[in-house]
Amino acid sequence: MPIINKVIEIETEQGINIYNITPHINDFIASTSIKNGQVLVFSRHTTTALAINENEERLLEDIKVFLRKLAPESDRYLHNDLHLRVVPEDEPMNAHSHLMAMMLSTSEVIPIVDGKLALGTWQSVLFLELDGARKRTVFFQIYGESA
Amino acid sequence: MPIINKVIEIETEQGINIYNITPHINDFIASTSIKNGQVLVFSRHTTTALAINENEERLLEDIKVFLRKLAPESDRYLHNDLHLRVVPEDEPMNAHSHLMAMMLSTSEVIPIVDGKLALGTWQSVLFLELDGARKRTVFFQIYGESA
Amino acid sequence: MPIINKVIEIETEQGINIYNITPHINDFIASTSIKNGQVLVFSRHTTTALAINENEERLLEDIKVFLRKLAPESDRYLHNDLHLRVVPEDEPMNAHSHLMAMMLSTSEVIPIVDGKLALGTWQSVLFLELDGARKRTVFFQIYGESA
């Protein structure tokens, strides 16, 4: 039963932005011979996250409003006292982004059946940039049976 | 090392309702020969979710109150402007349900030891209907060693 | 492909406390021959949780403030009516801790590449005590290829 890894790169924009990475995962599965198994999706940053939900443009805007209210950027955070920390000159004040990421997912495991993601009808795998703009990576790992 | 899948169906009631699906998972494990490994539990809807917590009836009521406050149904959501979207006639106004689902889990992986879920004493696997009433499905995938 | 389990014990202090368990996971991986695969980390309590984020001391304080505001201990919870439940004499009033745990993670799956956790630069695996003080356990399960 092979284990195959892939890292994709996403160049994000400033602020909260949501990217549908389901097509990347589908392409990855199709590039392997795995028919029955699972794929692990792993967000590799502390101010990005994953969610599995509906990729409907107006809902994505609701999600942004919701997250901004959940962890307001304007709140007082100790992590944002950059003068009290040893940090690079371009360190962002992004405690709110860390908190949003923590409330969402870092790892998701999705079953594969008949060589396809066994997602429900309305489910998409969403990658959330919560700080940006940056070059970000998402890790995929697939394993399972070929036949 | 076999990989075995199962889909269970749950007929939910209207509103937020919480179902303990641990017995279904236990039955599934018992129906296989897997003794050491893990089970993937996957919620296949954008307005349902999973949580692993205590199945205590008063706590379940606290969870409902908490979720209703976290993402109030009465808030203004763009996703609920049904006249601006291409949707079926019976499309529900359920942006709040999507947001609740996003804050909970879609996938959980639970270790199996000696042919049993290695849950802690007070842990149950809970399936949360956040919109309802509907026919819902939950996906189980088990794999591991038989001996 | 072997599956290897390990349980670690953490003696926590009273209140919300955050422990970096990444070194424990690294030690566990190093004690096996697995080079390519994944590790499942599983929190075995209903008032503890996992998060993968930055282990920066001021951010950890922000996280505590955020969680206390998200599910205030002083709110009214049905689960805290101990006189209406059948419970031991030392049962804590900890509904808020259950709600915090539910909003964080119980299971996380992390890829292993070249015998090391494939975490991003700033990611650490954090174990959150949300009630305490107690003896707590965290379950690790590794599997993958040795070569």
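Assorted remarks:
Just so it is clear, A, B and C label the chains in written order, and each chain counts residues from 1 on its own.
By our rule, a residue touches a chain if its C-beta (ideal position, glycine included) is under 8 Å from a C-beta of that chain, and two chains touch if they have at least 3 such contacts.
The UniProt protein names, listed by chain, are A, B, C = YjbQ family protein.
Just so you know, these numbers come straight off a predicted model, no measurement behind them.
Of all residue numbers used at the contact between chain A and chain C, under half are used by both chains, marking a mostly different-residue interface.
Bringing chain B onto chain C by least-squares fit of CA atoms involves turning it by 120°, to the nearest 5.
Chain geometry summary: the mean Cα position of chain A and that of chain C are 20 Å apart. Shown for chain B are the residues that touch two or more other chains, namely 1, 103, 105, 109.
By the touch criterion stated above, chain A contacts chain B in their complex at residues 1, 36-38, 51-54, 56, 58-59, 61-63, 66, 103-105, 108-111, 113, 118-120, 122-123, 144-145.
Interface residues of chain B facing chain A in the complex, by the touch rule stated above, are 1, 3, 5, 40, 42, 44-46, 71, 77-79, 81, 84-85, 95, 98-99, 101-103, 105-107, 109, 137, 139, 141.
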